[in-house]
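Same chain, two partners: chain A is paired with chain B first, then with chain C.
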Partner chain A sequence: MPTLTIDGQEVTVDAGTTVIQAAEQIGINIPRYCYHPGLSLAGRCRMCLVEIETFPNLQIACYTRAQDEMVVSTTSERVLSARQSMLEFLLSNHPLDCPVCDQSGECDLQNFYMDHGQYQSRFLENKVKKKKAFPIGPHVILDQERCILCTRCVRFTEEVSKSNELGVFNRGSRSVIDLYPTKSLDNPYSGNVIDICPVGALTEREFRFKCRVWYLASQESICTGCSRGCNISLDYNGSRRAYKAGGRRVMRIKPRYNPDINKWWICDEGRFGYGFIDTDRIETPMQRTTSDLEPSDWDPALARVAETVKAAYSEKGANGVGVIVSPQLSNEELLACRELFVEKMKLTNVAALNPWEEPGEADDFLRNADRNPNTKGVEDLGYSGDAKAVLEKAAEGEIEVLIIFRHNLADGEAGKLLEKAKFVVYVGTNWNATAERAHVVLPGATHAEKDGTFTNFEGRVQRFKQALLPIGDSRNDSQIISEMAAKLGYSLPASADEIFEAWKGISLDELSGSGSSVDPDTAVQA
Partner chain B sequence: MSASFEFTPENKKRFEEILRRYPTKRAAMLPSLHLTQEQEGYISPEAEQYIADLLEVPVVDVREVVSFYTMFTRNPLGKHHIRVCESLSCWVRGSDEVKETLEKELGVESGGITEDGEYSWEVIPDCLGACELAPMLQLDGYFEGNLTREKVVELLKKQAASKTSGK
Partner chain C sequence: MAIKVEEKQLTLLERLYVLEVVRGIALTTGHFFRNMAVHIARLFGLAKDKKGSTTFQYPEERRPLAPRLRTLHRLTRREDGAPRCVACMMCETVCPAHCISIVAGEHPNPLIEKYPTRFDIDLGLCVFCGYCVEACPEDAIRMDTGVLEFTSFSREGMVYDLNKLLARSETPKPNEESKVKTA
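Right after this comes the complex of A and B.
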């Protein structure tokens, strides 16, 4: 293991570590454009030049391996002057259209120029004109003038998505990154090139001009798109009123580094699948009076559920009430359901999985066919039996009250059975045909609006944090269950933190990192 | 122009020969492209795909190479092709005059083909490597240097004459 000195600090690193990585280990961030830990080395941008004693010339830190007794300076006069010169080269053909550039505020050209810029331009020549702002795929816009040819995106399509849509064409100052004609950047992971582009060359079509990045607040979360449990950041309207974005609160999703699950990447379905958080939400409890569903307060809605449940219970006992929980619920909500419905009320008809659910597309990278974030949690918490048996009993009239969480069971065979159910309570976040058919509808909160954990398909219990207040009158499901329990004469904790602590013996905050990975063997890693 | 491209049986043999000279298939890219251009006169998208399949590389890699080197052309050319060097030495010594003359004499702009399909010409911004002859051009690969307006006109006349005399 080589020990080297970087800016006067000694650091011992694993053999094969590069200088840029060694510096990172002691908190020194060497400016870089082309280097990305998830991609092969290119050595194109020359921004990470450092001075190493005994080397006559400056060396690129991304490519140079750390060696014993190396003495590196990242701040010597030669290094600083080289950085300034490299930036001058990179900006010589850059349009400097920052005021209308979406990357502004999170742009490494801007960031590094603040520290290493020349400020007084010497450039008198005309800039090379290239193609500006044209779509190269369903999610990505390319501006060739802003591009500094770091080739991160090209290497991504070569090495990670393995789809080879992009290339560097032509030569010298006329070089451009472009699509191979006839191709389109429409692979399932195309959005990642937006994240790795250090400048404003690749921007997101959905997010473009919707919000300046400095208005965004960010919260750590978990993608609910499939059972992989990719770590994400929810970027939402923080310091700005939501009406400025047409009522949208969540503005975009970015992958969050997790070495064990998704590394630096997420799929496009996950990245762009946040629309449900702000659209078609059930915002208030609803009750069916004569034939229509009408808005109601929480108290009467919950009271009606409790009365109906009590009546069914006294008439038919534990068989009279059916519950279908969902792998969309957090572990804490599943635990609350288990405590109330299974342990306290001893219901016999409790199911979780929807046997009619269409599997999603899967591949050998991130996407799993199971489109639910917490199927493993459902299994681990002892739920078995599928919704079909419960629905059949509800259709036959054996079950008087059916409580459905999240699932849409109104299509096809399920729909025919559901139609015959006597009394349906729907607890969910978004309007669907099941909610429209229910007798009482209780609005739940999405994962963006509550705390909790999901167990991914490998058994990692991962935390997601609350970013937003529940929309309208909606409430998080563990609170709904707790209040339903109170009306039925039981006492249940309402907060996810309390439930988690009772389950695992540690608080949510003690769960390693926030939403970070957990060793599947030990289930919880403190 | 052909919708599809394939090496002639003879060129296929030459391609196999080229492959043997390199440790990896990818390394045979440049000679394979030269062979393609020799056969077809230019490198069409179909030819790019053909080479990509032969060398087992993504087609985008072939396009990167073809677009990087100015000696490859992606458009069909005239029977005779003129390349005018516009690099520093030639420019200082009067490549602008050469360009103007060609445009006037041939009646097409750089990158175009004359109506009879006899000539095409283009400006090469990168040095053609004959600064001692500046300003210079390449006619069908042969260097013609120390050019003036008169010399360019004369050159075109000579070329036309050699054609009518059946040379």
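Right after this comes the complex of A and C.
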């Protein structure tokens, strides 16, 4: 356990820790481009030079191991002038096209230049021209002129995605990052190179020019693409009003560091799978009057559901109403459903999983075949049985009212069964064939529009936070359930926080940032 | 230090009111006849050294504008006629009235890369502070058209789009009309 001094502060670190990591532990951030904690060490950018006593020359902090009695300075005059000189080198061939560059606002060249810039250019020569703005894959655009050759992206494709598409070609000032011949950056994790690129060389095709980054506000969330539960930041139009972006609110998704689940990474499907939050949404409650679905207010729609449920209940008892909840719902909504439908109404036909659902692609890194964020939560909360049995009963007429959450059960075999159902209530966020076939449609909120938790496949309970208001007239699902319960004569809490506190004994805010412990026997650790 | 203002006491004649009204009317009427006489005399080439009080015969006559006056915006063009604007959104960001909305698009030429597919200024919101001109890194927006009249019967009519803003892209010449016509 070496103890070293950095800028006068003593710190004891594990053997093998580098100086840059030791400095981070005491809150000193040394400027860096090529160093990334998730990748191997390259020592290419020379930006993290620090002065270490007993070393005649400046050393790169990312590669130098911390040793006992080391005395490091990150702010001495030599270090500052070295940083200035390094930035001058890195920018000598940089095109300085910040106005059109998507990275500006979150660019490390800009950030470090503010602190260590030369400001007066001494560069009289012509800049080396390289290839600008060309796609290298389905999601990524490369600008070789902006690149500072830190090789983070190259190391990512070598070490993390293991797909080896990118390399450094040519020598000296003509060095460029490029694809190997015949290759295209189309691996399922290609979007991560955009995040790790410290400059604007790699930009996101989907996000390009849609919004300047300083307009974005960010909220912590959980990816709903599969049962892995990767931690994400939802970047949405904050100070800029959404109408200026054509009504689009969520602009992009970035991975959020969680050492236990996704580290710094996220798959492309998750990264670009946010479209449903703003497109094709059900915005108002709908009721089928004669043959068409017509917009309605919440009160009459809920009253109609309650009436039909009551009628079915009095006619056939607990067998008369079927409910299919969804692993897309949060734990709190599942708890509310359980309390209302199972514990209070004692319904016998309550199912959760859709047996017809096609599994997605899976690999040994992040992607799971189960495309639902909360399947484990469904199991943990005691839901069993699949939708098929319930649908069959509905088709036979045994179930009078069928309440479906989120699922699309209108294709193939399920569709044939659903057609025969007498009265279908659909609670969901987006239009699908099931919603179009329902008799009452109640618009719910997506994970971006509500608070709650998902349980990932390992049993880790993770929180997602509300970033946006529910679109249009839609409502938080636990509120819908609570209001439905009120109409049926029961009383349920409407807020996710209350439900979570009753469930785990702590408030949502007390839940740890990286999620609860995986061990199911221990209580949720705050 | 506060200044003490002595309140002027009105005299009895002034307080009688009627006399003061008559004096006021006499002054106005005096000016009227004096100006009429001078203008008529100048019309016949007389009394060149005397100057009647002048009024700009707006809208036929216009006041001279200071060259730095901030007037209606215009977008400048490149040599090939395309807008200079690269949709960097600096003006939209700096605008205190949030009157600028830009939608950026991908330009087929990677050397230009980014261009505005829409550029709207809502003049009904604009406060004519000129920050957009200051912030522009490309000299793409200017407020030197000298146009002060932009009215509309609707709010939508006050929104100037890319085409309207580019229509005045030429550097305005000192307008003949805007020169003062002294009578």
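What we mean here is this: the second predicted complex is superposed on the first by the 517 of 526 C-alpha atoms of A that agree within 3 Å, B and C clash if a C-alpha of one lies under 4 Å from a C-alpha of the other, contacts with A are read in each partner's own complex, and residues count from 1 in each chain.
The rule is simple: a contact is a pair of C-beta atoms (placed from the backbone, for glycine too) under 8 Å apart; a residue touches a chain by one contact, two chains touch by 3 or more.
What you are looking at is a predicted structure, and each value in this text was computed from that prediction instead of being measured.
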Under the superposition described at the top, does placing chain B and chain C together on chain A give a clash or a fit? fit
Does the superposition put A:8 against chain B (first), chain C (second), both, or neither? neither
With the two structures laid over each other on chain A, which partner does A:132 touch: chain B (first), chain C (second), both, or neither? second
So, does A:181 touch the first partner chain B, the second partner chain C, both, or neither? first
In the combined three-chain arrangement, what's the angle at chain A toward chain B and chain C (CA centres, steps of 10°)? 90
Between chain B (first) and chain C (second), which, if any, makes contact with A:412: first, second, both or neither? neither
Pick one for A:27: touches chain B only (first), chain C only (second), both, or neither. neither
One more residue to check, A:56. First (chain B), second (chain C), both or neither? neither
Please give the least Cα distance, whole angstrom, that chain B and chain C reach in the superposed model. 25
Of chain C, residues touching chain A in the complex: 86-90, 92-93, 98, 101, 103-106, 110-114, 137-138
Note: in the complex, chain B contacts chain A through residues 45, 58-61, 63-64, 67-70, 125-126
Which residues of chain A touch chain B in the complex? 158, 164-172, 174, 180-183
If you look only at chain A, which of its residues touch chain C in the complex? 97-100, 131-134, 208-210, 212, 214-215, 240-241, 244, 246
